[in-house]
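The data blocks that follow each hold one structure.
Two complexes, one shared chain (subunit A), two partners (subunit B, subunit C).
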Partner chain A sequence: MDMIEQPSITDRRKWLKPSILAGLVVIIALMPVIQGSPYILHIFILTFIYIIAAVSLRTITISGQFPLAHGAFMGIGAYVAGMASKWLGWPPWFTIPSAAIVTAGIGMLISYPFSRLRALYYAMGSLFFGIGVIYMVYAGGIWTGGYSGLTGIGSMFGSSKVAYYYFFLGLTMVCLLALHRFEFSRIGINLKAIAQSHLVASSVGINEGWYRILAVSVGCFFAGLAGAGYAHYNTVLSPATFNFMGTLWLVMYVLLGGIESFAGPIIGTSILVLLPEFARDLKVYSPFLSAVLLLIVVFLMPKGLVSLPYLIRAWYTERKKGKKITHVSGN
Partner chain B sequence: MFLETKGLTKKFGGLTAVNQFDMYVNKGEILGLIGPNGAGKTTLFNLITGVIRLTKGQIIFDGKDITGKKPHQVAGLGIGRTFQLNPLFANFTVLQNVSASFHLHPRSSLLDIYFNTKTYRRNEAYILEQSLEILRLVGLDKVEDEMAKNLPHGYQKMLGIARALAIKPKLLLLDEPIAGMNPDEIEFTMTGIEKTKQRGTTIVVVEHNMRIMDLCDRVVVINFGHKIAEGLPKEVRENKEVIRAYFGDEHVA
Partner chain C sequence: MELAVATVTNLLILSSMYILVALGFAFLFNMLGIPNFAHGAVYMLGGYIGLALISAVGINQWAGLIITAVIVGAFGVFLEKFCFRPFIGDFNRIVMICVAVIVILQTGVNIIVGTEIVSLPSFATGVLRVGLVSVSYERIVTFAVGAFLLGAVVWFVNRTKWGQQMQAISQDIEGASLQGINVRRVSALASFIGCALAAIAGCMVGAYLSLGPFMGDFMLVKVLILAILSGVGSISGIFIAGLVLGSLDSILPLFVSGAASDAVAVAIVIVLLLIRPQGFFGHEVEM
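Then we have the complex of A and B:
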């Protein structure tokens, strides 16, 4: 009887993760009610947008490629949507998906020649592509707004932050579900197989080049989506947002949270975007502090912040064991 | 003839690794491809499977010209292979290594996979069942949940063969399957190769270790990219050219 009524420790552990997750979802869903300040909502909206971009960057990396142009792809989505809205008068409901498709298409075109490059060469190739994109924006004159930026992009919900908040919350959820399915299906298995050994993968019939292009296209689709959403939220675009620094921030979000886990970039983005807002005096130093944080994480937990609970548990059991041993030897 | 190479030539800069190499494999046999270090055996495999491009020549498999095809296309036609240095999906478990290799049969469409349709789930269930059967066949079913990188050397080699079997090959190219194994593992692997042959797979095996000759129906000896002998294992063992290639002139009786 007792055994049935008392839930064991393992049972409680099993429920711990889902209940924390559910709690977080409730808090996030009720955020505008709890803390309705437009500024806080603004920060959360940016977090949502960057979560989409960072998770989509990680989706490309599971195929063993490490592109250094993801900020630029976000920029392509943003500028395509912004220009379509400003010059063609297209509504956001149309520009956002089409910008994502255009970005995926450009990603596909670029990755075709790049699919022959590996490791460092791939990173270098994509890096220069990203820089090239920014210079094209600069050279675009009145069409892209050049150095002074693109203004006059149609907004989605006027000045209501709450509407934007729920829109981006929903969009992020949908994107995360879509990318999660992508990774944890046979498609993701094939990508991971290619990353581990392209020789073996192709020897069992996996078309390496094709799958690498697919990963880049999907990653770029969601980067473009995030960028396009950003364009219609901010209604003003500056090329500096999407330059190499922009890419590096995305890389940092991924690395800080943990590149090997799906939750990694979500955690990394949340911390690096939200944290500076809670210590606003230090905000000027945020690049330095972020770098220090990243270095600490990279050295102490190479698998990112997601591995923290496991490391703590391992350390705790180790310590318990250590105590027992000293006790025995003390006798 | 099941597989045939005609005038196969590969030059790396000034070095001719494989020179005017003619070879054929009959359906259902085990052909041994032996030769000293650096003779060009692995290069030959890489040429057949399209990992490297050939300089000249032609490869015909099952009546089709497969010259210049890419590795995944060659695999798609039914040529499976293992590797000498035996790369693995190191961070997959043993079972995942094999199930990930079931890319071709049965093949689900991208949409089926993405939307987790009935077809996809049925295929995956079939793949799981087949993978377990292959693991039982090669004797790795007890370590199916172990990470591939944690396996001992002999097991890793067997896993390489298991993975190649997952594509249901008509022709299996084994690159030094028993190199670096202890006698028990050699015995075990050779039995496994024999069993695979009995299931109707044609096999070409590259090896240094002369013990492999016990399995072979025919042997081709290669040195410096040339074919120097060909025939039954017994004939080849007594061939003067072969003895010279392995032991030098003074050993030729």
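Then we have the complex of A and C:
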């Protein structure tokens, strides 16, 4: 937050952000009416699911931990919901919350031993955990479907994409509100304090271990929720969706948008999920588009895509002054 | 007896290939603190360039192997100079660059070659029989190349001026540059060697098993396990961790079937990591 100098909010500016947000929400809510093709709705539904996962990953990172297992947590949620639906016959409105709770519990259990690890070692330890989860799914035989994937999961609304669209839109809104409240609550402030210096934070009475576990549990809860929603939407699960590369792509969604702001993962996910789908004319070449976008952000926008307006404004004022541009030199 | 011999040769081949690829990762990781997640993709690229040179162009196999190593090594120097060095210490941006490189390489291979499984021609044919035991020459050659290269790397790191400069940089980068070591040149050299080794491993695995655009993902996981278990700043640790991982991967399937053996291996790795978070042989670094 403090990295980018925000201009003081004048009266004119005060209403700009909320009105843009409200306009966007209205457009997205009217989407099925404007452009009702099932394919477009499908892409938007996937975007909603990944937005929940990406924002919850960022919630963990504000505590200074960088887990590389978020795809696997999404997978745990998806497989718990899918298996409960297939083998126990539970209805979706019951499997989705219970899968989220199970995922949060597993996140809590693993973050207790992993709190010994710091920085890169934490990232690597969680990465190995994620890989282990996927191997367990492969080894699960008939229960998890193994290599061929889990099929026959009960669906929520049949084949109606519009119902799914509004369900996931609502779910995403609720999750974003909850995570936003969490981040800017007292707990979130404590988490940011731990991220800045865990020694100073514990010296002023913040229980570091407890808060780190709490951050992981909350993040995993929403990852499990997204995964469970995905399971009931797609009704077919493949372990490859949640493997190491799936995790890395979730990390990309967060980093492309900008890890330092709440809007970052939302923007990043929207662009990286929607862009290749709308560039389908490029066929096999469309992954290059994502890669080029990542490289552009790495080399030109150190703080992610959210810093673009500030960079443009800075460039504009510099140009007015007639000076050389020196602001994009990174940190 | 057959089973025991097969297991031991498997163990040696797997371990030597893991170590070959992991050394390149460890060089950059130790010296500059860069976790090169694209190293698996570089290994895959090596296999496919070898395939192009040997099968499509049709030059001699061993010459093709060396040319592949040089080409991929040059690619490694490019990566190190333009993609990694400007962002030293910035984990986020290095991960982004690595994913971009992985995507570009995998998509490129996908477009040019396609996803079907291909393999390089064998480097040797025939079977060696000693008494009751028979081992195919291909396995012997694969292991011999791996062992020769590993010996060469150990000699290089410990006995030459360049190698000792690399060790100095991984101990203390600022101290090393104060002593007059050209950090840029040495890290470029390390990247060249690392990527060349990965390319040779890619060719050997491509001949021994097969090639696929996503083979790098699998190897990357093994490489990360090796580098983290051995710890930062230790080359000998890589060898021991590689032998441990190779034996886990070749012996566990005898007792546990299928993917469960991989899960057990990963569980053992996690337990080892929790016992000693800073790795078994290295020193702790702040990142």
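Convention: the second predicted complex is superposed on the first by the 305 of 331 C-alpha atoms of A that agree within 3 Å, B and C clash if a C-alpha of one lies under 4 Å from a C-alpha of the other, contacts with A are read in each partner's own complex, and residues count from 1 in each chain.
The rule is simple: a residue touches a chain if its C-beta (ideal position, glycine included) is under 8 Å from a C-beta of that chain, and two chains touch if they have at least 3 such contacts.
Computed from a predicted model, the values in this text were never measured in an experiment.
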Partner chain(s) touched by A:295 [first = subunit B, second = subunit C, both, neither]: second
Partner chain(s) touched by A:259 [first = subunit B, second = subunit C, both, neither]: second
First, second, both or neither for A:52, with subunit B first and subunit C second: neither
Which superposed partner A:156 touches (first subunit B, second subunit C, both, neither): neither
Residue contacts with subunit A in the superposition, subunit B compared against subunit C: C
Subunit B versus subunit C as contact partner of A:62, first or second or both or neither: neither
First, second, both or neither for A:191, with subunit B first and subunit C second: neither
First (subunit B), second (subunit C), both or neither touched by A:272: neither
Residues of subunit A touching subunit C in the complex: 66, 113-114, 116-121, 124-125, 127-129, 131-132, 135-136, 138-139, 146-147, 243-245, 248-249, 251-252, 255-256, 259, 284-285, 287-288, 290-292, 294-295, 297-298, 302, 330-331
List of subunit C residues in touch with subunit A within their complex: 35, 37, 86-87, 90-93, 95-97, 99-104, 106-107, 110-111, 217, 220-221, 224-225, 228, 258-260, 262-263, 266-267, 269-270, 273-274, 277-278, 286-287
Residues of subunit A touching subunit B in the complex: 181-182, 185-187, 189-190, 192-193, 196-197, 199-208
Subunit A-touching residues of subunit B, taken from the complex the two chains share: 49, 51, 70-72, 75-76, 80-81, 83, 87-92, 96, 99-104, 108, 110, 113-114, 116, 120, 124, 163-164, 166-167
